[in-house]
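Some structures are shown below for you to check.
The same chain A turns up in both complexes below, where it pairs with chain B and then with chain C.
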Partner chain A sequence: MPALRRLTPLLWLGPAIALIGVVVLWPVVVMVQSSFQNIGGDGFVVGYDGTDDFRTLFDEPDFISVLERTVLWVVIVVAVTVLISLALAQLFNQTFPGRTVTRWALIIPWAASVMMTALIFRWALDPNVGVINVILHHLGVVKHLGSSQAYWLGNPTSALAWMMAVAVFVSLPFTTYAILSGLQGIPGDVYEAAAIDGATSWKGYLAVTLPLLRPAILVATLINVINVFNSFPIIWEMTRGGPGYETATSTIFMVELKQGNVGESAAMSVINFLLVIVIVVVYLGTTRWKEQVDR
Partner chain B sequence: MKKKIASRFWGGIALAAVAALALAGCGSSGSSSGAAAGGTTTLKLVVADYGTGPANASAKYWGTIITAFEASHPSIKVNVTSIPWTNFDQQVQTMIQNKQYPDITEGDYFSNYAQQGLLYSASDVLSDPGNLLPAFKAQGTYNGVQYGMPFTTSSRTLFYNKKLFAQAGIMTAPKTWADVEADAAKIKKLGKIGFGLPLGSEEAQAESMLWMLGDGGGYQTAGKYTINSPANVEAFTFLKGMVAAGDTEPDPGTVDRTPLWEQFAQGSIGMINGSPALIPIIQSAGVLKAADWTSVPIAGKAGPLTTTLGVCDNVAAFKPNGHEAQIKEFLDFAYQDKYQLAFDNEYDLLPATTTAAKALASNPVFAPFLTALPNSVQYPSDTAWANVKTKIQDTIGTAVTGSPTTVLSQLEQASTTAS
Partner chain C sequence: MSAATLPAPRPRRHLRTWIVAGAAYVVALIFLLPYLEMIVMAGRPNDELGDPTIFPKHFTFSNFTTLWSGTGLGGSIGESLQIAAGATAIVLLVALPAGYYTARHRFRGRSGFLLLVLATQMFQPAAMLVGVQREFSDFGIASTLALIIVNAGFNLAFAVWILNAFFSSIPVELEEAAMVDGLGRVGALLRITLPLAAPGIVTALIFTFISAWNEFLVALTLSLGEPTSQQPLTVAINQYIGEYSVDWGHLFAAGLVATVPVIILFAFIERRVVGGLTAGAVK
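Let's turn to the complex of A and B:
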């Protein structure tokens, strides 16, 4: 009987473990397996081909530039998102008339489908009739509608800048709420103590608020890094990674490769997966998350 | 407090990991469509959309056929899915990669499906396969057996806006590359786009081939890929000059065919290579009158092309669901002359069967296109083409802003690896 009783926790943990096994672990196994197989565009497994898929991938002329762009994309989008969210969370933590309504409004970019948001921005940036271009034209920023200046998504640099802006826009709600909940967890007496010690509001923010927010910022950053790294709909809907692969991140590149060579695409997925793990481990290491979370 | 954060933390990690994996491309497997209860078979028909809006969507055209077919064949149901051209190849390919096989597709066909043994041959599923236009037999043939069955055909011509030409003081139709360049520069001065060059992923392979043909080039020479041949490099070097001079729309490598055709229909483009499918777009836009535009043979380096790119869209019948008899019933029904002609009248495309072509031979609009079809040049039809075509669509547009030699050599490299 006691032996059986010891197994009862399994009853509660079992479904969760099974779910993780089927939804998380098994796909990882299949992904790694596929990356060592010869699978063409039709999805037929011809057999194992050793490291051929990886070699083909590394020989892609665009491989290195895609990886560099991915890093740039993640760093800029996450950094800007967190900075703006810190300010927004501070704002929403104040009491002001209409706070409830504005807090709700902040959810909208999150609630709307990212693909829809990306499509709306693509049309708003249309060189001839897009609303953003029309406004910029009236302001005199864009000299001629339909010119290459108005074609933001045609030039890799401006296209990336716009897509980063959209990525920040859709990442703000989650990040702001994560930080806001952190802010609300800071007791008021800490600030009183700081004020008595003569801290100005800016000093109080740096010395009290930010350190106490570290766990919240940590979680928000980490989840954003993973999300933004794998971000697919924005780039896919706005440029499809074009011209060429010049605005593709590794996730987009993986999808483009999948059409012709599933094995090579799986190899790209494995690299992606390893990169995410490395980023997470390095980030957790440098922020000494255990101290933060266990404190 | 700390426990709460910790659990939220791990919950977040788990969630993010799931999301990451879902996006890392682990396709789902699903059930395939099959025979339903009660002796009724459901056929899954996947078609490309040729329409310009809801009024003439392809689903509507097929709906008419299906209604008539189901009335006379009560034991067979047909479910139609229509997919826009920009996504057609990819979505069909994803269905096949995930083993969710359609029964019939109408759109692009690739010989690698035949190579994998996925397809019924034309003689399996058509009572009279000999009625398909012989000119397109080779492109649908793999190992001596025809699998790709042409359903509609078209050929390419150069469309130009006569109104803009008159405003710019141009008297004659463009015949050579030099004409195109000079005329485009004059039209650009009117504040319009001189030449519409759609090298975005939608159909870059067609536009590119038209320019390659202009210099005697092409994707293949004697069955071998020669994408970086001197003639092709010269063609793209010429295009690069046009782009640099601003004679085309900005950044052609990211511009798709459909939006550019619509802009031509709006009267803001001087010249563009088009197929008869551009005609309904011009008509529905209502900006250009019949006298405001015309189409002529494609301009080549030294003179108009005597051959052009002949494109056909194919029907392919898939084996895995085992519906051979039902597919044959449906295809025999759908290939009737009246439906071929209805399709051609709806979308201004050309028929794909000999009997339907005969019925149209006296039609003044279609006759010139029809006589040109037997001499047309077609895309490669080997098993590497599906892969090569994707690469061309993704990257060839960068040849007119970057280095033509580098881009075409990379494509040649990719095509020899794929062959």
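Let's turn to the complex of A and C:
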């Protein structure tokens, strides 16, 4: 029976499609619907209110600065992560005694929950007794413990810089491993040929290795962009987006808004979601996923 | 570059190896330091919490022994175990048939399905938190079950991709030969294909377990207002953060309990996990 045979894929893929429906597709529908509803902080739906939620959101005095900060956050964290990872991958691609053990150390920030890592840094930056401040005090960088200079997380600029550093720190393991696996896919004779042509190691890296690493770098970059854009625990645990909303990204802003106005928070989610879709389209476009699927 | 064609290692080359090794050890230490600090803090006695010293004068285990009384941390560990194990079980049940079928068959809608899976990998719970929260409260689903389903859904893509890759690498002929030998289709699957795909299955299981165990934002949202002992560990740990002071000793003792097991688990899948995350995109 051909009609039945055409349904066999559904038997195998049905559960997966159902799960995606429940966890991804339906929430999107509810979210978009909520962004056109008047919903209080307690979740009670008063009714539809047209585009009021979006207008309230756009009128928030912090809205534009939050979006600008989000772009800055993503661009700086991902760029620094990829640059450091290129160097780290080169280092860990060498053979040396104890390589396996050092690679285990490298994965720890990836395996541990980001929330815990953020809390460690919040403690280490404590103005009175935090270990980073104590060390900086010994080095003479921090003049007085407990001073406003030692209160890194109280000042929006220094708080953002430290939180970006933590975001880079937790993104490095995956990125380094992705570039490492790209490096291992480059055949050794490519280097030999370059060496015969008289390329020095730095020139050879720029002319031979880097272009061959392009696919790995692209994929790692785009996965990082998604992760860093949606990153929540670091800012939440270290500053809660404060003072005010001065260190909040759009994800933090969305969560904060949810406590007072669920509809407005949904509107922020819809904006976030549209941004993610743009990124996904770019991702699928640049990575030629279709060639992989049709292989 | 094969070792046989090179002249015997010269002293200069030897020195270079040790410089590389030294740099790698320093990097490894930097990655370890924050987590070593967690151990130092968990062992710091309470009366030394206000001392601006790198190491405490005494070490104590009291933060670990007093961790279990009164705060319901045992309950939270149980809750996190339930969520992580439940999500892992669902991912396995759902991703195994999908990964196998898409590896073995070409059919209409295959590209569409794989694109859908790839797209879910790109969306994260943070992007649709309001929708997730309202959906489960509308249907009156308890937070434990809701967190199991959400964590399963957002780790499905990784599992489907890595299983698809493993099944694709197993020759169909092996299965066919086993069927000719009288094992039957199901027998061939169970006795030949699944054992060969075991590394991929284990990687998918451990990865799902760890990300569900570590998940914070949805857990925070859905378990809000529940007693601490019924909140997942990542949420419950925040009970040590008060409005005016933080109980750092207990916080890091609990943090170690939450972190050390998953680091050990992760070490097992370290080599294969990148493949699963980038399989959908790398050519």
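The rule is short, and it goes like this: the second predicted complex is superposed on the first by the 275 of 295 C-alpha atoms of A that agree within 3 Å, B and C clash if a C-alpha of one lies under 4 Å from a C-alpha of the other, contacts with A are read in each partner's own complex, and residues count from 1 in each chain.
Criterion: a residue touches a chain if its C-beta (ideal position, glycine included) is under 8 Å from a C-beta of that chain, and two chains touch if they have at least 3 such contacts.
As the structure is a computational prediction, the values presented were derived from the model and not from experiment.
In the superposition on chain A, A:235 contacts neither chain B nor chain C. After superposition on the shared chain, chain A has more residues touched by C, the comparison being chain B against chain C.
By the touch criterion defined above, A:226 lies against chain B and chain C together after alignment on the C-alpha atoms of chain A.
When the two structures are aligned on the shared chain, A:43 is found in touch with chain B and with chain C. When the shared chain is aligned, chain C comes close enough to touch A:12, but chain B does not. Using the contact criterion defined above for the overlaid structures, shared-chain residue A:23 touches chain B and also reaches chain C.
In the superposition on chain A, A:107 contacts chain C only, with no contact to chain B.
Once chain A of one complex is fitted onto chain A of the other, the partner contacts of A:259 are limited to chain B, with no touch recorded for chain C. In the superposed model, A:245 makes contact with chain B only, not with chain C.
In the overlay built on the shared chain, the residue A:120 is in contact with chain C alone; chain B does not reach it. Shared contact residues of chain A, touching chain B in one structure and chain C in the other: 20, 23-24, 27-28, 30-31, 43, 128, 215-216, 219, 222-223, 226-227, 230, 232, 251, 254-255, 258, 262, 265-266, 269, 272-273, 276, 293-294. Considering their complex, residues 20, 23-24, 27-28, 30-31, 40-44, 56, 61, 127-128, 144, 146-148, 151, 153-155, 185, 215-216, 219, 222-223, 226-227, 229-230, 232, 239-246, 251, 254-256, 258-262, 265-266, 269, 272-273, 276, 293-295 of chain A touch chain B.
The touching residues of chain A, when paired with chain C in their complex, are 6, 9, 11-13, 15-17, 19-20, 22-24, 26-32, 34, 43, 88, 91-92, 94-99, 101-117, 119-121, 123-124, 128-129, 131, 133-135, 137, 145, 169, 172-174, 177-178, 180-181, 188, 191-192, 215-216, 218-220, 222-223, 226-227, 230-233, 251, 254-255, 258, 262, 265-266, 269, 272-273, 276, 279-280, 283-284, 287-294. On the side of chain B, the complex with chain A involves touching residues 1-2, 5-6, 8-9, 12-21, 23-26, 89-90, 93, 96-99, 112-113, 116, 118, 191, 193, 200-201, 246, 249-251, 253-255, 263, 268, 386-387, 390-391, 394-395, 397-398, 401-402, 407, 410, 417-418. Of all residues in chain C, those touching chain A in their complex are 1, 17-18, 20-21, 23-25, 27-29, 31-32, 34-35, 37-38, 40-41, 49-54, 90, 93-95, 97-98, 100-102, 105, 107-111, 113-120, 122-124, 126-132, 134-135, 137-138, 149-150, 152-154, 156, 160, 210, 213-214, 216-217, 221, 234, 237, 246, 248, 251-252, 255, 258-259, 262-263, 265-267, 270, 273-275, 277-283.
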